[in-house]
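Look at the two complexes coming up: chain A is in both, with chain B in one and chain C in the other.
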Partner chain A sequence: MWFYIVRRFNLFVLTVAVLYFLVFLMLVALPGDLATNISGQQQASPAQLAELTQTYQLDKNWFNQYISFINQRIHGNFGISFTTNQPIYDEILKFLPATIELCVYATLVALIVGFPLGMLAAIQSQKPADFMVLGVSLIGYSIPVFWLGVIAIMYFGLELQWLPVAGRLNLLYQIEPITGFTLIDIWLSNLEYKQLAYRDAFAHLVMPTLTLAVIPATMVMRITRTAVREELNANYIKASQSRGLSPATIMFRHALPNAMQPIISQLSLQLSTLLTSAMVTEVIFSWPGIGNWLIDAIYQRDYPVISAGLLICAGFIILVSVLTDVVLIATTPKRRSAIDGSS
Partner chain B sequence: MYLMINSVKFFLKYSILPFFLFLAGCEPNHMDGERVAPGIVYCSEGDPTTFNPQLTTTGTTTDATSYQLYNRLVEYDPALGSIMPGLAHHWHINENGKIYTFYLRKEVPFHSNKIFTPTRHFNADDVLFSFNRIIDSQHPYNQVSGGTYPFFQSVGFSSLIEKIVKVHPHMITIHLKEKDSSFLANLAANFAVILSKEYGDQLLASQTPAKIDTMPIGTGPFYLDSYFQSNHIRYKPNKSYWGGAPTIEQLVFDITPKSTNRIAKLLTGDCDVSALPQSSELEILRRNLNLELQIQTGFNVSYFAFNLKKPPFDQPKVRQAIAHAINKRAIIEAVYYGSATEADSILPPLSWAYNDELTQYKYNPELSKQLLAEVGLGQGFEMDIWTSPVQRIYNPNAIKTAELLQGQLANIGVKVNIISYGWSVFLGKLNSYEYDSVLLGWTADNADPDNFFRPIFSCAALASGSNRTNWCSQELDQLFTKAISSTNQKDRTAVYHEVLEKLNVQLPLIPIAHALRFQVKNRSITGMPLNPYGGIAFAKSRRSASAGSRIGAQ
Partner chain C sequence: MPLLDIRNLSIEFDSPHGRIRAVDRVNLSINPGEILGLVGESGSGKSLVAKAIMGILNDRWHVSADRLRYNGVDLLSLSAKERRKLMGREIAMVFQEPKSSLDPNDTVGHQLHESLPTDECKVSFFQQKKWRNERIRGLLHQVGIRDHERVMKSYPHELSEGVCQKVMIAMTIAYKPRLLIADEPTTVIEAGAQAQIFKLFRKLNQLNEVSILLITHDLEHVESWTESITVMYCGQTVESGLTKHIFKQPFHPYTMALLQSMPHFDEMLGHKSQLTTLSGCVPSLQHLPIGCRLGPRCPRAQRKCVQVPQMQKSRGHYFSCHFPLIDDEEPS
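Moving on to the complex of A and B:
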């Protein structure tokens, strides 16, 4: 077990090192001075330039530069943005909560919708309900996020005027960004229109959340369906049926816990899909999150921000996949033995 | 198996359905007659670069500051076209036109903020402080926040004013070195705001002078509550405003750079008023009965300027050849969707100094090829056009304009490279004069024609960075001075006609179009006339009670 965790950790460190190396290469290759690209300091004075050379060891060879680049970044020094001249680290902290908020709600919706439907399809295998679920998930999975978002804006926003189409909250509600999560911030505020503010925040959440939830929901559906169906066909289920256990007990006590393992491991792999769709969704709904920030940076050719965004997003995905791996191994002896056996 | 299905059904019923019902329950609230928190939201197109309009000429900054946070000595009334009292309730000019005496309003309080609470009302010291900051290079605030005052430098403010004298706490005199008929209009411009001396002194004592421009204190109808960069600016009404406190509870600038997003927010009610709708969106706006589209012939011009220090643009023939190769009609159709008029001089036809007898550069590629051949460039050449993707009042889409120019100039054998930067970077890089040509424009700050000449063509403007042709002539400068030293409109018109003719021959820049000015707002918002000279004012805006008119207007 410990051996396995150490191996995973090594893999994590190595992957992140490669990621940093690629980003470092990108900064070298991009037009402009490396000192400017890496620090975001434009038109640096000679004194500042000397300091930058010192910090990033720009007078040494590329390997030293690479190491000091990693060193600065993991200590939270991401340089400053070209466009705002603010430390990028602070900007990340400002935009990250919005993205997390959106992703968490979308994941919740995806699980709440996808999980029962997937189970239903597995139970009703090869019956109309199964085909319905399969069909719906295929359609949902095939619809591009950007198209769905725009259509939703057109119809529910502009045509019916039911829902707001941009932002997180009507700006007339003065909410101090304490945590960065709108709903929590409203709760913490001492606003006199709290009830209205909640409704407004929810109204702003509906369309982006549902748009973002569609693809994960279809994936949850299909993964759950396959996993549960496999378990239901296993011999031990047949045995427990013949022993006269109630279907609910079979489902929730036996089949489902066993089906959870493949579901979780496959879902964690879908995190990158969720993040990329979140970026597109954020841009469409002007959601002030990391994705919107990153894509703005690309338009503005804000190299330090682009590199920081890459590091954060890719690093996050690597971290989560390693963590789920470790958690799965820790909870599933079956998998562990398979790995140990092969090594 | 039946039970199992039942349990799943049970699960469905009590988990998913309530969720959707719950969502549905909060859906339609938004557009109900019942209003969200009170106040007005304005969708603005960008971040202000500072909160002190003295330091800039960009419209976005003046929109967010001039009429919300500050007052001027005198104000310009666009409806009457005349100068009205501001912080000075009364003024007179002596016979030789060189001494202006202003009688200042009493009982005008300044704003307060976290770090400053005023102990006295506005008086002559504040006027001296505000103007001396600009004209006196020894003033402690002169170099704060960059030390450039582009508008004032372009109109030669510091060389014009001999001295400003405080006669008593509520009376000042301004002594000019020579007569300048545009002086009052310049004092009424968006940039000539009055700051608080007491605040300045306090900040100087605490060694944080730059805060005067980032944490503004003024006398205007609103005070700055909070500012989140690239997100929003929040203003609260100044309850003791001398002109009568605003009736709205708060004012929010929602910073929304994308035009389509502004329109969407306007349609869904997240915004009440929006800046700069794109010409392509006007049709949608006209169809919506909840919205009101205000149109105003703009005092602006978009132009294509050459860097006259860079060959081959130092030759007038080359510039004329390019002028003949440009199809302005096509640009107006494609970029402005017809909501602009072709410009044949820098001055819009509305202005009283407009010269309608200029020889026009008709679209004629053959002629321009011939002109190029005359100077030995018959085989064509390569050039750069610098531009920025940011939407401006005078040009909704400069990149598209540049692309059209690229196509049109290719017809005469000129290969064009388009170089674009974000707005702030763009303005910074322009000052190094490395470009061959640049697409820019100008929005007038007041009705005086002088505003189109000295800021764009004078030698003083070359130093302050608003003269983008990298060229100025003594002859023109003398004509400009001659024009402003007279108060007789007929004499001035004659001078300006001469100036326009000279510019038409020299052609340091090619005027392209005068754009119409638009503003969209919800019908329930009233008291917001559209100002042709830029600068939006919310002091008298109000939301009428019939907010319910939204229902049924679908």
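Moving on to the complex of A and C:
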């Protein structure tokens, strides 16, 4: 077991090293001075330039540069932004929680909606309920996020005026950002009108979360449906039926735990889709998250920010896929054994 | 009264070529305490019959029968819940691939625990675990597993097929069933363990009066372990009767061919001579011949064979053939 965890960790380190190398290559290839691109220092004075050369070993060969680039990034030195001249690390800390908040809520909604519906479709295989779920998921999967967001803003935000169209919280509420997650910050703050603040934060959350949740929910539905259906046709289900176990026992004690493994591994593959649509959603709803920040940086040709955003997003996806692997190994008895676990 | 009585059981499914009858009017009956062999090639519908008795066929199969009675109870008219109750307690089934018939994600001990009869547990809540473990240990010893500790803690993939099959049998006998359906129980098991499994069946049959429906394509096992057999070809019953009678004098050409395909080493086989087989191969389900399905391959087939032959009886020996292998002088 520990052996495999160490192996996966090695894989993680190597993949991240490759990722850093690609980003480093990008910074070298981009127009402009490498010292400027890598640190974000524009019009550096000779003294600053000398210091940068020292930190990033720019006078040595590319390998030393690459190593010191990794070294700086790992220690939290992402340089400064071209546009704001703020340390990028601080900006990440400011924007990342908003994205995480949005993604977590959207994933929760997707799971809560998608999982039971997928199970229902699998149990009612080839019956009206199944076709309904399939149809709904196909429609949901085909709707582009940007269109859905704009339509939602037009209808619920402008026409009905039920929900606010942009931002995370009304400016009326002065919440000190401690963790960066609005709901937790409200809880930690000592406002007198917490209830109102909560209601406002929820109202801001509803549309982005639901818009973002549509595609993951349909994916969860389809993946769950396929996985559970496959398990329900397996031999051991027939055997447990023949032993007279109740359908609920068969479903929740045998079929579901076995179906969870393909579901988890498939969903972790879909994480990049979630992150991309999160970026689009953030832009539409002016959600001050990492996607919004990154897309702004792309418009501004803010190379240090682009490279930092790349490192963060790709690194997050690699981390999650490695963690999924570890979880899968830990929960699948067959993979824990020496022969099968090597794959 | 027979324990299991099946008359004209048909199993059909809808295909793009119309409704196909995979099992065509099969008759079967098992008396209490009997071991009946159901013999046929792969794809002859033996497993379908077993699954139809258990009621675990998918929705796409349509089962119909004139009679499908277990101990006087019509199985087809039972509700799912009543049937489940009967399944675990009275009728049990052992499957072809024991390893895939156990949940790969669960320890063997827990799966055994699940199939224990909980209503027989008369002890208080705190002693239940002890009671269960004792019962499981007893069951495992009964099927010949000594190192119960290790087996209970293992996952199915850590055990051999033979041990898995024994565990499956232990699960089925937890409720002391009266009928055990064994669907090719030894096809994937190594030879040494095969004999153990059969001995176990024999022991269950003799000590607990369990009737056993043994589904197999291995004639040698049938000859040595069963009292009577039913032979199937392509979803039709061709012959049934006492094992020794059929092995002595088969009436149906297909049974004859089956028996001839068994090598008999006492008959001085010629060096490198070919074993007798029927020409041709089993028809696919889309192209089943009408009438007697053996027709195109049968050495004795005549024009009359395009009609399905009626089941005939001759001295406790049933067969369905227009031109049986009986000496013509004898009245059939």
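Everything below uses one rule, namely that the second predicted complex is superposed on the first by the 327 of 343 C-alpha atoms of A that agree within 3 Å, B and C clash if a C-alpha of one lies under 4 Å from a C-alpha of the other, contacts with A are read in each partner's own complex, and residues count from 1 in each chain.
Keep in mind that, in the parts below, contacts are C-beta pairs under 8 Å (C-beta built on N, C-alpha and C of every residue); 3 or more make two chains touch, one makes a residue touch a chain.
Note that this is a predicted model, so its numbers are computed, not measured.
If you put the two complexes together on chain A, you find that chain B and chain C both fit without a clash.
By the touch criterion defined above, A:246 lies against chain B and chain C together after alignment on the C-alpha atoms of chain A. When the two structures are aligned on the shared chain, A:75 is found in touch with neither chain B nor chain C. By the touch criterion defined above, A:163 lies against chain B but remains apart from chain C after alignment on the C-alpha atoms of chain A. Taking chain A as the reference, the larger set of touched residues comes from B, when chain B and chain C are compared.
Looking at the shared chain after the overlay, A:173 reaches chain B, while chain C stays out of its contact range. After overlaying the two complexes on the shared chain, residue contacts for A:235 are found with chain C alone; chain B is out of touch. The vertex angle at chain A, taken between the C-alpha centres of chain B and chain C once both structures are aligned on chain A, is 160 degrees to the nearest 10. After overlaying the two complexes on the shared chain, residue contacts for A:258 are found with chain C alone; chain B is out of touch.
In the superposition on chain A, contact is made by A:126 with chain C only, not with chain B. After superposing both complexes on chain A, the closest C-alpha pair between chain B and chain C lies 7 Å apart. Touching of chain A by both chain B and chain C, each in its own complex, is seen for residues 246. Against chain A, the residues of chain C that register as touching in their complex are 51, 54, 56, 58-60, 84-89, 92-93, 95, 97, 100-106, 114-115, 155, 157-158, 168, 171-172, 175. By the touch rule above, chain A contacts chain B in their complex via residues 82-84, 86, 109, 112-113, 116, 119-120, 123-124, 153, 157-158, 161-167, 170-174, 177, 191, 193, 196-197, 199-200, 202-203, 206, 210, 246-248, 250-251, 286, 288, 299-301.
Across the interface of their complex, chain A is touched by residues 1-5, 7-8, 11-12, 15-16, 19, 23, 26-31, 36-39, 41, 225-226, 228-232, 234, 250, 252, 254, 256, 258, 261, 264-265, 267-270, 389, 422, 424-425, 554 of chain B. Partner chain C is touched in their complex by these residues of chain A: 125-126, 233-236, 238-246, 249, 253-254, 257-258, 331-334, 337, 340.
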